[in-house]
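Presented sequentially are two complexes of subunit A, the first with subunit B as partner and the second with subunit C.
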Partner chain A sequence: MSDDIGQDDLLRINNLNVQFRTSEGVFRAVRDVSISVRSGETLGIVGESGSGKSVTALSIMNLVPNPPGETSGEIIFNQQDLRELSAEEVRKIRGNEIAMIFQEPMTSLNPIHTCGKQIMEPLLLHKGFSKKEAKARALELLTMVGIPIPEQRFKEYPHQLSGGMRQRVMIAMALACRPKLLLADEPTTALDVTIQAQIMELLKNLRQEIDSAIIMITHDLGIITEMCDRVVVMYAGQVVESGPLKELIREPLHPYTEGLLRSIPTITREKLRLHTIEGTVPSPFEMPFGCSFQPRCNYSTSICSEKAPDLIHVSPDRAVRCWRQVNELGQD
Partner chain B sequence: MEDNVLVQVQNLKMYFQSESSFSFNKKYIKAVDDVSFELFKGETFGLVGESGCGKSTLGRTILGLYKPNAGKVIFEGEDIVSLKNNRMKDMRKKMQLIFQDPSASLNPRKTIEDILNEPFHIHKVGSKVERKAKIKELMNRVGLSEYHLSRYPHEMSGGQKQRVGIARALTLNPKLIICDEPVSALDVSIQAQVINLLEDLQKEYDLTYLFISHNLSVVHHICNRVGVMYLGKLVETGSHADIYHNTQHPYAKALISAIPNTDPDQQKERILLKGDVPSPANPPSGCRFHTRCPEVTDLCSQAEPLLKEVFPGHFVACHGVE
Partner chain C sequence: MGLLKYIARRLFFLVFLVIGVSLVVFVISHSVPSDPVLANLSQRNIDNPEMVEAFKAKWGMDKPLYTQYFIYVGNLVQGDLGTSIRTQRPVLDDLQDYFPATIELAIFSIIIAIIFGMLFGIISAIKRNSAMDQLIRGISVLGVSVPSFWLGLMFLLLFYVHFGIAPGPGRISPYLKPPVEVTNLYVIDALLAGNWSLARDALWHLLLPGLVLGSFTMGLITRTTRSSLLEVMSLDFIRTARAKGLTEKMIIMRHALGNALIPVVTVIGIGFGNLLGGMVLVETIFAWPGIGQYAYKAAGNLDFPAIIGVSILISINYVVINLLVDILYGILDPRVRYH
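On to the complex of A and B.
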């Protein structure tokens, strides 16, 4: 893929493939994904369940278990390929320079340790802080993420906190070592509407303070629109479109992106009948021939079911995987 | 009672006794506390609120799945709270429920045909031939084929399972369907399909929906009237336009402002609420929202505001709204 290599790319994923061998056959979860993230920017990865967005995030952290997972491709972070590092070297980066916020704070916090201890852990492990220093920093972090009475919460266990508070603890933990890259996998999906608004506001404010790049993984286009500078749309394990937020929302190039945007009910639009994308996401074991989206596509032509389209650049920062765009470019 | 009212809920209270309490120190969780509203024939009434506000409990109490502590649920002129078992069973034919999680609400050991046959079996309705014909009709209507009848739930996708759930709710020709977060577990592209299907079926079978959801964009799309709940109380009810364009209650305003914006050119003012929803076991005194309300006054912590009609058909429970 002819992705121009920018010097300011913090993370570059080149031709990432992840497949799982199961009793039903080979399940290709991520197919030839190339994504880059610049320092300080917020990149959104949007897709439905099974689109491969979470597996992509997990493979950045080298957290896809092998077996059954088989990974190939390059994940270049700070000029080094994470895939070539030893397990120990990756451990030094994970939680330190790259940190992750998960969807469900209850299952990703350790129930038998206090919140304070869990926030201190990366500081003791990666930064060589003394216990006293780590505690002071942990309290500072709890204050930063907007937890009232941090001294009290420091001593409490995750089950004593509400969902929103737990998610704040997770964010404090992820930010403990001032990571260069923060992976947020559906960070607000499990939360209530008003709490979701609080957490989004918090992330927006922190983004300016901590100056790290964020990869925001979500199925909610509303969150993408509010938070992100650039967007990558994934479908059936592939990147189908990428580009700057406003251009992509205003003028989607891929029929899937267009369909997604038109099928969500919004309160700013009039109550018309919702547009639908017919059919369902194909089973990973029965991928359609040619373009993966072709059976559900309104614009599909004969070439779509014969040959899979490549991801092509229509402008320096916009790419799309669709024969319609290939044909249009060809006519120019 | 007016002719066009299907269900009238009057001062309904549903308290659950909280666990591990001794008899001399009984504690109650007031899941639904003194709620009154009506459902008009053929409308879709949206019930919105955050988790723990009692919206699902209210739906289930209306169906008679819980025995309320006080209040009436008048369905077509008859109070169903006081009905005996046999009469209640008859009544249940007229009201059905669509669940949030289609995988958890279909029996994994039964085929789709068995699942759809069960309501007929329980209520002893129709002959074998009639049942089969009705099931076929419904399968086609919800966009599934006869091929699926011999399948098991695990062989279907989430959207297909939800369609089975909808077909099952329709088997006995109900008048009222309570949809409890029917699209929350579905992917975005499937959500739109199911919403459109629900809208079509409503017209075709003359259904009334009570649509329970935390997603205010979906409610905005599908509902004619909306009720906003907070900690077991209705704080504002009104028409779709009242709630979304003439919002009165501070909680409803905050809820609506919290919806993520899908237009990158629009920057909207967001009202951020402080803190979390208090525990329903120990709700705040006076107005239950006063601990988080941006417009709180002294009166709010002392006296409980009642639901008042501030505009025709638009009710608000707030001291600050005259």
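On to the complex of A and C.
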């Protein structure tokens, strides 16, 4: 089932399931997801709201609230299963070897502490820095993320900064301990378009400077094409397709990926209307029988509504969850 | 700089508040369907028209009401609160004598209420829905809803009369002499005099009335701390703190509590005001020689200058406490700025 890539994976998620027990019923947010990330690589996870991409990221950090969340599966980081470790051991990895940037820079910083204090915190906690060392490193980080007059910003509170500046502070904070893996959960979604571009530019440049692997979670395929090496497409809590960026763009195998690629606006295309994928994401409480995407799929056949397809490998690097590909492979 | 200006402006408005309060209390106390003559003179003197006239003339009651009020305000702006009909002493002197006992009790109560209220609130929020949480919530509901006169009588009955573990009414044991007057707060004065046993005795006497008086505020603080902390714990920056790898204890102490305290401070302010209002009952039950008892007796005698004096004193207290609360906001929350 898993992407079999080998032992040099930095992170490898095997058969991850996350479900929430709510008063309306059991909501399976993540269904049997297997993903791997190599050191230094940038992996994009793309999907609509509710596709389970953020929950996947949170479960890597063991941050899914329990209750109501229940998680199962393996999350192997640096050859050890994070789910087997004690809470204390996972805590020492969090913010240190794995760090995370969140979607909402406006609310993700503590309003009553200065930015500097918040950046210093993981350094004091994980690296045993003295206050002086931590401050020096924090100023260095602020400069690195492109904040002008870092000495002044260091002393300021989050409300004195704009959204873009706050996201830069969040990035500085995440990079403080030089993490091996950086999880970026829609880091630009809450920002203005021009600021979005600046933050993307920053992340792209930082990618060369730091040698962290990055998992970039977004609903924006444009961002993925700009900076990812490999892509995982998620739909309704499942991985529907994965593979190297270039191959996936050149030849999407899943109808959903195809639809997503066709809905990217381009200047050259002479169409007035953007392509849309008909229908909406199914309610988590009323999953369609068979393939989850089947009600919206143009290629749907009778088997699609009867039996759910498995994720199959069409090549060592590429996997897809679609009956069309199963049939083609069968014919080969 | 901004802060000093802000305080100065707030205190300036206090002048208008004092005049407003005096007007309201003046009107209300004079509308009571009762006669100060009947309340203050003996039966024989009431039957004597000359005595009644003399009484009225002495206290200015022979003049029209509005004239009486203007005379009062005229004296008020010169810092003269008039003379008490009942004690025949200047009201200001009376207030100076009675207020320290009240303030001592109020401060003791609010400290107890803050310490236990916040402690209970934090435990309750951390151990949410546990038996401990249920117990604390039960206690805080009782604290908020049980009337202080009943609680006071029960405490006296149980801990003083029945078990004999708490001292009886009064500020110190009857066989002890009060400390040399400095602040007129007995605990502080006894400590200043180096008299430890007297300080302990005074503190011990504060316990029952302090608990009774503080129970409402304590319940309020417990509930506010609990709900505020739970709310803050669900915010995004707490998730960030978790993602940094902080321990749960660090998250609560460094990130959650500071933010959760902001609404608690408001409640402490409200609670302190409430405390002064509750004083009348508690002081009467515990024979506490404070402003509450003085107000109670003044009201019984329709002692107008004393009634207005107490009202002004309590309203000034409200203003000062609210001002302190607003200043505290600025310390707790960097987003608050004074203009």
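Throughout what follows, the second predicted complex is superposed on the first by the 326 of 332 C-alpha atoms of A that agree within 3 Å, B and C clash if a C-alpha of one lies under 4 Å from a C-alpha of the other, contacts with A are read in each partner's own complex, and residues count from 1 in each chain.
Note that in this section contacts are C-beta pairs under 8 Å (C-beta built on N, C-alpha and C of every residue); 3 or more make two chains touch, one makes a residue touch a chain.
All values derive from a computational prediction rather than experimental measurement.
Applying the stated clash criterion after superposition on subunit A shows that subunit B and subunit C can sit side by side.
Set against each other, subunit B and subunit C differ in how many residues of subunit A they touch, and the higher count belongs to B.
Of the two partner chains placed by superposition, only subunit C is touched by A:Pro122; subunit B is not. By the touch criterion defined above, A:Gly164 reaches subunit B but does not reach subunit C. By the touch criterion defined above, A:Arg83 lies against neither subunit B nor subunit C after alignment on the C-alpha atoms of chain A. Of the two partner chains placed by the overlay, only subunit B lies in contact with A:Arg273; subunit C stays clear of it. Using the contact criterion defined above for the overlaid structures, shared-chain residue A:Arg94 touches subunit C, although it does not reach subunit B. Judged by the touch definition given at the top, the superposed model places A:Thr194 against subunit B, while subunit C stays out of reach. Of the two partner chains placed by superposition, only subunit C is touched by A:Glu104; subunit B is not. Nearest C-alpha atoms belonging to subunit B and subunit C sit 8 Å apart in the superposition, given in whole angstrom.
Taken together, the two structures place no residue of subunit A in contact with subunit B in one case and with subunit C in the other.
In the complex of the two chains, the subunit A residues touching subunit C come out as 61, 63, 91-96, 99-100, 102, 104, 107-113, 121-122, 125-126, 157, 159, 170, 173. Against subunit A, the residues of subunit C that register as touching in their complex are 235-237, 239-247, 250, 254-255, 258-259, 332-335. Those residues of subunit A lying in contact with subunit B across their complex are 48-49, 148, 162, 164-165, 192-198, 200-201, 219-223, 225-226, 245-246, 249-250, 259-261, 263-268, 271, 273-278, 280-281.
Remark: subunit B residues 50-51, 157, 159-160, 187-193, 195-196, 199, 214, 216-218, 220-222, 244, 254-266, 270, 272-273, 275-277 touch subunit A in the complex.
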